[in-house]
Every structure is written in structure tokens, then in C-alpha cells.
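Have a look at these structures, which come just after this line.
One chain, chain A, appears in both complexes that follow, with chain B as partner in the first and chain C in the second.
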Partner chain A sequence: MTPTSAASPPAHASGWSREPTQSPRSKSEAGVIRRARIGDAVLGWACRLSAALIALMLVSLIAVLVHSAWPAMREFGVGFLISSEWRANEIERPVRDAAGQLMLRDGEAVMEILPPAFGALPVIWGTAVSSFLALVIAVPISLSAAVFLVRVAPRLRIAGAASFLIEFLAAVPSLAFGVWALFVLAPLFQKYVGPWLHRIFEPIPGLRWMFYESVTVAGRTIERPIPLTGRDLFTGSLILAIMILPIVTSVSRDVLRAVPRTQIEGTLALGATWWQSCVAMLRYGRSGLLGAIMLGLARAAGETMAVTMVIGNNNQISPSPFAPAQTMASLLANEFAEATEGLHRASLLYVALILLTMSLMFNVVARRLVVGRIASSGSH
Partner chain B sequence: MSRSFAEFRRRTISSIMFALCAGGASLIIAILLLVIGYLVWIGVSSLSWDFLTTVPTGDVANPGGMRHAIDGTIILVALASAIGVPIGVLAGIYLAEYPGEHVATGPLRFLADVLTGVPSIVVGILGYELVVVPVSRWTHGSVSFSGYAGAAALAFIMIPIVARTTEEMLRLVPRSYREGSLALGATRAQTIFRVVLPGAFGGVATGIMLAMGRIAGETAPLLFTALGSRLLTHNPAEPFPSLTLQIYTYATGPYPEQKRLAWAGILVLLAMLFVVNLSIRIVASRHARMRMGA
Partner chain C sequence: MPVSSLMTQPPASPKPQSEPPVVEMPPRKRAIIAVGATAGGSALAGGQYPVIDAIKRGETPEPRRHESVMGVPSVLDIRDFQLWYGQNKALHGINMPIAEGKITSIIGPSGCGKSTLLRSVNRLNDLVDGVRTAGTIALQGEDVYARGVDVISLRKRLGMVFQKPNPFPMSIFENVVYALRISGERRKAVLGQACEKALRQAALWDEVKDRLKGSAMGLSGGQQQRLCIARAIVCEPQVLLLDEPCSALDPIATLRIEELILEIGQRYTVLIVTHNMQQAARVSDFTAFMYLGRLVEYGRTADIFQLPRLRETEDYVTGRFG
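And then the complex of A and B:
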């Protein structure tokens, strides 16, 4: 052992020290250690601050929305959720008596002024119905595609290509679907699909409400066909369905892929057909699949641009899927920029708060279901 | 007899369901090809050199190009990344590399997941209430809607995505790398910056580009923050143009010539996203090769 190596400082200091070994050892060592400590502390606190910012983002999001929505919350309370009037501006209309006749005074119709009113039921209805219809259309397609991707595609060596295409579909922005729906889907529905559905379903008794609406004109209620514009709840639901296909498919695929092989092989060994073993696989992954569907629901409920462009933007509740409607997100996109009056804006923020609460709830539940499932089976 | 019928029945059902599953997968791919094919088909016929190099003229019959909006989107994404990438990566490091503080990292991971589910229109409204309104008050209205506000809204979307993907990628780096580095006397910061981050570089870069692709296609967060503009501006303190906002304005407007521009704009947007996706694949595969060699 040479004297120099015996005199060299401990390994952890020598590795990073630029100081000559002859200089006073304790001083340089202390400097290195101090610098290392400072470096670690700076990094540690930078990381902690950045992570704390994530919490701050969520807190500020909720705080700002509640603060700005407060006037509307105080004014309308929970009744906001079940009130179906949404009038941003006051309107003037003639007063009618009980028989529906105009009331006249000095030969002039007596006018009354209706103040602005805000209720969220039409947009809650629009969001619920369009998301539900989108799920009804998308879920069977997505689940069957997921089964195909897990059980068939690997054997055909097309799993990679098919998955890539589906993931690319997920990366296409909402706006592109909106433009496509507005210029391709809506005219197609107005000219061909709408009238065709009308011809088929109208003669069926009990389905008249799908194509006719009752309106009160001059005190009399008449029934008239809903004009087919192609920009209605049905088109909106269809484009939503197309947009949630990729996420529901890819999450279901991951869930099904995590089903243990032994489960599938066991059913096949007992003589199950291909489909029977698929049913066993689907049953095994059911809570994860429910999570995938809820992720799709959350996506559909919060989707803005494509829906805004084709849903027709009418703040009224109509039972017909062929009537224009409005969702929470499309209401915000349409009216927020023009909402200068205090209560109008506060009401819109109230709607935003409801939308946020709803999609956060869906997301939390969905993630719990999916993550729990994939992690617990441990094959990934 | 009845037994063989049951056998026939279940085999038939199986074949039918097989066909339906294959049909489901083909249907999704058919829809993709239909949508993308249509967008590309019409977009290409509307695209021109002028579209990429000139700005709106104000004349509806001859509306000019979208140079301003393309520049705007690039600047907005760059600004948002300048805010979102460092914060997101540092937060991701915290979630992955400080397991001793799991009392904090557990809930924070959950919050980051929750934040990725916030509807983008709500983010836009937050940007308006939290950035546009206060800034407008402080500057007495001389700055209200601005590129900075738009970039902040986009960064809000970006941070949780980058944080979570960074965390996932850092977790893939073997524990022995960290232990080896620490055993050689490296500090924690040195270990993270010289061993762990380089080891996960490809994955982290992929996550960042994925997030950039996502925000480049966002419209709703910009509606009430950047607002959009018909002018070529590189000053983010002004109302700021973006490709998505301009496409939205043109597509929902009444003029056919502007609608053609919207188609072309969508094509440019998709081309940008495709380039991003392609670079992700290149980075990811090079990274995979490097790790194989190491």
C-alpha cells in the first residue's frame, strides 16, 4: 500500500473533487459535501414545489369556479339543477288570458316582461342523453374490437398495426372530428339518413314523438314535424360515439390482456367454444371493462368542440333525438364569450362547476376500477 | 339428437360472435380511414402555397392564408412547453424518486390523474377567470386576452400528463442503477440527472411530445384566453391567433371560401400531429435500441 493512496480522501469525496489532494483535506471535503447537500436540497425542493403545484392547480380550479359561480349559487341554489328555463336576455311578450286570447287595453296588446332566467336542466339533459346514446353506439363496437385485438389479432400478426391505427384515432383532435361532422355527417343526415329514418319509424305507433313537436301558437297547441337540419342530438351523439371509440377500445384491450391465460385455457380445456371462453374472459375483467366504459362516459360528457359544431345549440328539452339540443360544454363554448351580465356569467360558471364535478367523479371511479384490475392481475 | 343440436347451436353462436368481433375491429378502422381519408382528400385540394405563407386579407371571396395561425400555434405550444415541461418533469421526478415521502406522493399522483380528466372547456374558463380578468384589471385593460393566457391554459393541461408519464418512465429504470450510483458516492441530484433521467430519456421525451401533440390540437382552452386574431403577431401580450381557433371560426362561418381554408387548416394540423407521432416512434425505437446495446 503506497502512502499516497492511504492519504487520499474517502471514495465518495475523491470521485467528484477537483481539488488537489495536497490541499487541506478537511476543508475541500467539507466544501464538496456542502455543495452536494445544497444540490440535493435545491432539487428536492424544486420537485416538491412542482408537485405541490399540481395540488394547487386543482384547488385553484375549484376555488375560482365556486367563487365566480357564487352569485348564481346564492340566487338559485340546488333548484338550478331542475329548472328548465334558460333565457340570457329579458323578453317582452303579450299577456294572454285563461282562454289564450290576447288581452287588449286601448286597442293595444298588454305586454309583460319576462326577466332573464337560468336553469341547468336542458343542458344536463342534453349532456346525459348525448353521452348515453354515444355509449350505446360505441360500447358494443369497442368491446368486440377489444376481444378481437386480444384473442385474434396476435395470431394474425396484425395486433401492432391495428393498435397503432386505434391509437392514432385517439390522437386526432376534437376539432377535426367537428369539421368532418359539420361538413360530411350533418348534410348526410339532413338529406338522406334523417328522411329515411322518418319514413321507417313514423308509421310505428308510439314513436310519433320522435318526429313531431307540439308548439303553442296564438293560444292553440298544434303539432308540427321537427325540421331536419342534420344538426341535432342524434348527430352529436354519433360523433361523440366515434370519438370515444379509441379510448374505450384501448383501455378494454389492456383490461382483457391482463386476464390470466390460465383462465382462458381452463375454459377451453373444459370444451368451451371460442365465444364461450371469450364470455369467461369478459366476465373475469368486468369491473375493469366498466371502468373503460366510464372513462368513455367522462370523455363524452366533457367533449366540447365537435359537439358544439353539430348539436344545434338549443337550450330546450325535447324528447326527440332529432331535435337540436345543447350540452353543458357546448353551452359554455357558445355563451361564455358573450356573457357580460353578472348573473348570466355566474350561471355559466355554475354549469362549469357541475360539469367539472361530474367528469371528476366519473374519472375517479373509472380509474379505481381499471387500475385496480390491471395492477392486481400483475401481468403487464 | 338434441345433444348434437345443442352442440351445433353453441358452435354457430361462436362463429357468429367471432364474425361480429372481427366486424367491430374492422368498423373502427373503416371509420378512421373514412374520417382521415375525407379530411386529407378535401384538404389537399384546398391547400396551396399561399395558404402557408400569406395572412388573411379580410376579403371573403379571396381570404388569403393562415400563416399567422400556424406561427401562432407553434409559439403557443413552445410557450406552454416552456412552462409545462420543467414543472411536469420535476413533479414526475418527485412522484417516482422520493418514495420515502409516500404520504405526499400517493395523494399527489391521484390528483394528477384527476387533473387529466378536467374537461378542456373548463380549463379555458379557469384561464379567463384566473389570468385574463386579473391582468386586464392590473393593466387597466391594455392587456386582456393574450397569448400568455392561452399558453398558461395549455400548460395547465400539459403538466399532469408530463408528470405522470415521466413518473411511469422513471419507474422503468432498474433500482440497481440508482443503488450503483449512490454506492459510488454520487449525490441524489447527481444520480437523478446523470443516471436515472438519461436512462429514461426516450420515454420521458415521448411523454412530452405526446403532451405537445395533445395541446397543439386543443381549441376549447383557447376560446376565452388567446381569443384568436386575424393578424400576424409574434407578441404574446396581444390577442393571439392559433390554427385551431382560426379553423373553428372559418368552419362555423358562412363563407364557402373560408370553409375551404378550414379544410386545409385541418390538414396542416393533422400533418403537424403526424410529424409529432412519427418523431415519437423514432425517439422511442432509438431509445429501445440504446437500451438493448447498454
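And then the complex of A and C:
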């Protein structure tokens, strides 16, 4: 197998390059063609094998995940998705009655033992909210940038340079973004932006939940201000927004570029202003743009390193964007190395499976929307 | 020389004898060979097309404008208009008045600048990088290229229909009233009336009145083009610009659009660019023949097609050249 495949491609290649110019005349020519045929077959099968390998990898990835997560799936079932407990080790704690009083027996507090329990709701919540906030921040900027790249930059002759810079952002390693967020964004938020937002929004009635949290301490519920650390859901969302900007912008740019010229000229000829014609252009590409946003969403949901560094890593559900949180990816990054106990490990893999399923779904929908749009506008 | 009637000219031409070997070829190809040979300096035909030859040498000969077209009241007056795409000069000193309330067609081979001229009227060429112009195009006495002209309101006074139907991806109703919407019109009654009126004028009302809320993309090509005409006339434009409106349509749809153009011509001034000579002959009152960015001959359609003053025009409209 190996010697054949190593020798055949050159024969195959020369066969191709000769074919248009020369017709088979001599015996050596016939030999070349025969060898080229063998080369064709070998190369064809090599390609098929490679393609199958990729599909096989995805299938085996899912199979291994399901297999490893199986103990947790059997233990928690679908309830895993809506449970918010996450205890890697069993806890012993005093039992309290409804009023919050310690239950005593023989002058000693009655203790209960809570077994390890796992639920994915906090990380699903963290992932959903951080991705959503990231989209809210990134999409307006991305769409504006895409309009700029399509409608303005070509006239200024900077379309190439601007596109390069935006795509370069996509090539920056995740860790670099994380370090920057940790040492620049987080302190900035802790010292300036956080207190400033606090001052502006706190007096507004109905926004108290943003800055205060209720905690139960020793059976009593108290309200206390959320400490501003700069490492919270909001900072995590911001870094996510920066990281999904390039993909959303460049896909939107391709979608908008595929809008037929006659559509834009049609609106202008009817007296549309520049802004109105841009709106018409966005409307024409709306399903493709939705696909671009979905791609960004898939990216945001799966992003790990930078988020782990700034999101605070607290496995809780808090309505406030200024509280530390946890995403599926950051949970895995944080705990996987320490997860030695079987159920803990299986639960983490269950989370990974959920993440994989979600990302696959986002990607499938997004590809459909984008590819469908660009193909159909090409045929117009 | 060629100012006399065409009837006297064909016998004087040496053409039939000079090129029998290529007679079997399609007229277009043959003409290109003939013209090319002349321009290349061969003695063929000895200046068979003196005006075209002069244009090919880069000159701008005085066009033959018939008296019949110069006397009529004009809504649009193109005066010594020139246009450059970067270094390339696409239009050379065009002088032509467009008669008010009539249908004027512009014909000429591909690349003669007819679409460029049309798109200059509503300044759609502004979008193209590196376009410069000189001269004036006066819409009811006001130069559209004057400093301080509001291009948006200028375009609202002109309707335009493109080669390919370009309905917007919204409902039929919203397509028709788009021009009103972007001007801020919100009253439902006004929009509804305008929509019905425009669709009736575009001969589309009966076909779509039950599905005004349906997508415009679901209409046939011919219906889409009539929708685009309705959309262009909803604001009652002073001039309707048609840029080869039938070039993407089948013969039956083309026929319907031509009937529609004739009907719309009763109400509006229409300027139509076409590469289809029969269409120009069927629908227009006046015809202009352009070649390589120059106006060559301009007169009543009947005169251009039956009594052209230039040999070039006659051969072009009969399909022997171009």
C-alpha cells in the first residue's frame, strides 16, 4: 500500500499534464497512461479514506463522550439540565428547621450528609447569558463594520487592509485575549467602569438586583452588595464579544457583498438615502446575516480560555451581570484535571456532550442560512 | 455627402462586390470585420462609413439631428455632456433634447454609452468610482449636475427600471409603495390608493390584487418587471428611465412590457435604452443612435428607421452593421 501510493502521484500528475497536448502513440505513452490510471485509483481511494476518517472522528468523538458520560446520564437523566447543585464531594452540615433554627438533640446539632450531586443549570445559564450579552455587544459593531467594508472601504481603497486586520483578530490566540482581559479589562472594570455603572444604575428603581445579592448565612437571608472584582459575567461577555467580532464581521461582509448591485441601485434610483439603501441591503441579506450571528453564537458558547480567566468561575445562578459566573467550557477547564471521582468526571463529560450538541446545532443552522443565501443571490 | 436621402446611396456603395466571401456570416460579425479593416487603413470600401471612421479615429463629428426633434418642447436637455470613467472617456459631447410627454429610445451597439447616458440622468453613475462629468443635463431647466443639487430629491423626480427585474425581498404592496415609505408617508389610505393606481397603470393590478401581502419574489419575471415599473411610477416621475427593460424576459413578457410602455408613454416622458431595434421602432416616438460614446443621428423614429440621413444609421437599423 505505502510504496504504491508514494510512487503513483507523480505518474498520475504527469499523465494529466500530458493528456491535452499529446495523444497516445508509443508503447511508453501507453505505459504512462496505465500508470496514471493506477494512480487515479489510488489517489481516489486515498481521498475517500481521508474524508471517511473525518466523519469517523466526529462519530467516535460523540460515541466516546456518550460512553464516558453514561454514568452521569444514568444517575441524573434529563434532570441534569435543570438541576443547579454542583457538589464534587459530600458535605456534612447541621440540619435546620423551617424557621432557620438549628435542630438539637441531646444538646448537639443534628448533622446531615449531602452526597455529591451534579447539575448543569448554572453553567447552561452562564453560557447562555454570556453568549447572549456577547452578541448584544458584538452584532451592532460587526454589522456596521461589514457595511463599512462593503459600501465605504472600497471607495477609500482600504477594503483590503481593513479586511486583513479584522481577519487577523481571528488568528490571535485565545490565551492572548485572556491575558489582556485579565490584566487590562478586569482592573479597568474593577476600578473605574464598575463603580461608574454602579453610580449610574443603582438609583434607578428596579435595577437593584444588578448590584445586590441575597445570601443565606447561618439560616438567615441577608442582602449584601456584590463585590466588584472585575472578574464577572460582564467582563467575560465583553471578551467574548471581542473574540466573535472577526467571524461575525467577515461572514456578514461576504453576505452583504453577495447582495446584487441592482438591489442597491434600485433603492437609490427611487430616492433612498445612503442609510436607507444600507437598510435595504441588510434586509436583503437578512437570513445570511442571521447565519453569521449564529456562527458567532457557536463560537461564543464554546470559547474556553479567555472566558475562564475573567468570568470569576463561580458555579451559581445570579441575575446580576456583575456577579462571577461559570460557563460550560470554563467549568470543564477548571475542574477536569481534578475530577478523579467517577461520577464527577462523568458529569463533566455530560456537560461537554451538551456543549458539543449545542455547537453542532448552531453550526448546522448557521451554515444552512449563510450558504443558502449566498448561493441563491448568486443565481439572481 | 450623406445628408441626402438614403435611397440614393446603396447603389453608390461598392460593398456588395467587395466582400462576397463573408456574406454567409451573421451580419454583426461581418460588420465588425468590415469596419475593422477600414479602421486598420485598408482601402476597403474607401470610407464606406465616414462618420463611424471619424469616431474610430477619436473625433466627435457633428451628429445628424433632425429638425423634427429640435423644435419640440423638451423636459430634459442634455448639453455637451461628457463623462469619464477614470482615464476612459465614455461619453463625448452629447447634445440631445428629450421631448416632453414622448417616448425616446436610445439604440446602439454594446458599449456605445447608452446605459451610461441614461444613468447619468439620475446620477446613478455617482456610485461608480472615478467618474467625472462635464456639460449639463437640465431637468426642466435645472442642471442635475449643478453644485448643491439634492441628489435624493432629484432621483425622486425620476423613475428607473433596470435590465433585470429587481423586486425587493418584501411584499408586493411594500415594493410598490417603497418610494413613498422612504419619504416618510405612513397613512394607510394614501399608500393603498397609490399602490392600486400604480399597479393599474402598470397593468398588474388584476393579477396581484388578491395577494398584495405576498412576496414579490414569487411573481414571474414579466410580472416582476411590471412591478418594478409600478414602483418607478408611484411617485409620478417627470421622466421614466428604462434601461433595456426587456433584455431578461421571454418574448411574450417582452410584448406585454412593450404594450405597457406605449400606454405609460401617454402619461409620462419615457427614455428607453434598448439593443433591440424592433423594440425601438415599435414603442418610441424619437430615436437616437449612439456609437462609441457619440450621438450619431437623432430624429423621429419613423425617419430614423425609414429615411435615415446617414449610411451608418441605415445599416445599423437594418442589421447590416453593428
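Assume the second predicted complex is superposed on the first by the 338 of 380 C-alpha atoms of A that agree within 3 Å, B and C clash if a C-alpha of one lies under 4 Å from a C-alpha of the other, contacts with A are read in each partner's own complex, and residues count from 1 in each chain.
Definition applied: a contact is a pair of C-beta atoms (placed from the backbone, for glycine too) under 8 Å apart; a residue touches a chain by one contact, two chains touch by 3 or more.
The structure presented is a predicted model; accordingly, all values stated were derived computationally and were not measured.
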| item | value |
| --- | --- |
| When chain B and chain C are modelled together on chain A, clash or fit | fit |
| First, second, both or neither for A:P260, with chain B first and chain C second | second |
| First (chain B), second (chain C), both or neither touched by A:T273 | both |
| Touching partner for A:R155 - first (chain B), second (chain C), both, neither | second |
| Which superposed partner A:S131 touches (first chain B, second chain C, both, neither) | neither |
| Touching partner for A:Y284 - first (chain B), second (chain C), both, neither | second |
| Nearest-approach distance, in Å, of chain C Cα atoms to those of chain B in the combined model | 6 |
| Intersection of chain A interface sets (partners chain B, chain C) | 273, 276 |
| In the complex, chain A residues that touch chain B | 10-13, 15-16, 36-37, 39-40, 42-44, 46-55, 57-58, 60-61, 64-65, 68, 140-145, 147-149, 151-153, 162, 165-166, 168-169, 171-180, 182-184, 242, 245-246, 249, 273-276, 278, 298, 301-305, 309, 329, 332-333, 336-337, 348-349, 352, 355-356, 359-360, 362-364, 367 |
| Contact footprint of chain C on chain A as seen in their complex | 154-155, 260, 262-263, 265-273, 276, 280, 283-284, 286, 380 |
| Contacting residues of chain B [partner chain A, same complex] | 10-11, 13-14, 17-18, 20-25, 27-29, 31-32, 35-36, 38-39, 42, 86-88, 90-91, 93-95, 97-98, 104-105, 107-108, 111-122, 125-126, 128-130, 156, 159-160, 163, 184-190, 192, 213-214, 216-220, 223-224, 244, 247-248, 251-252, 259, 262-263, 266, 269-270, 273, 277 |
| Complex interface listing, chain C residues touching chain A | 122, 124, 127, 129, 152-153, 155-156, 158-160, 162-164, 166, 168-170, 178-179, 182-183, 228, 231-232, 235, 241 |
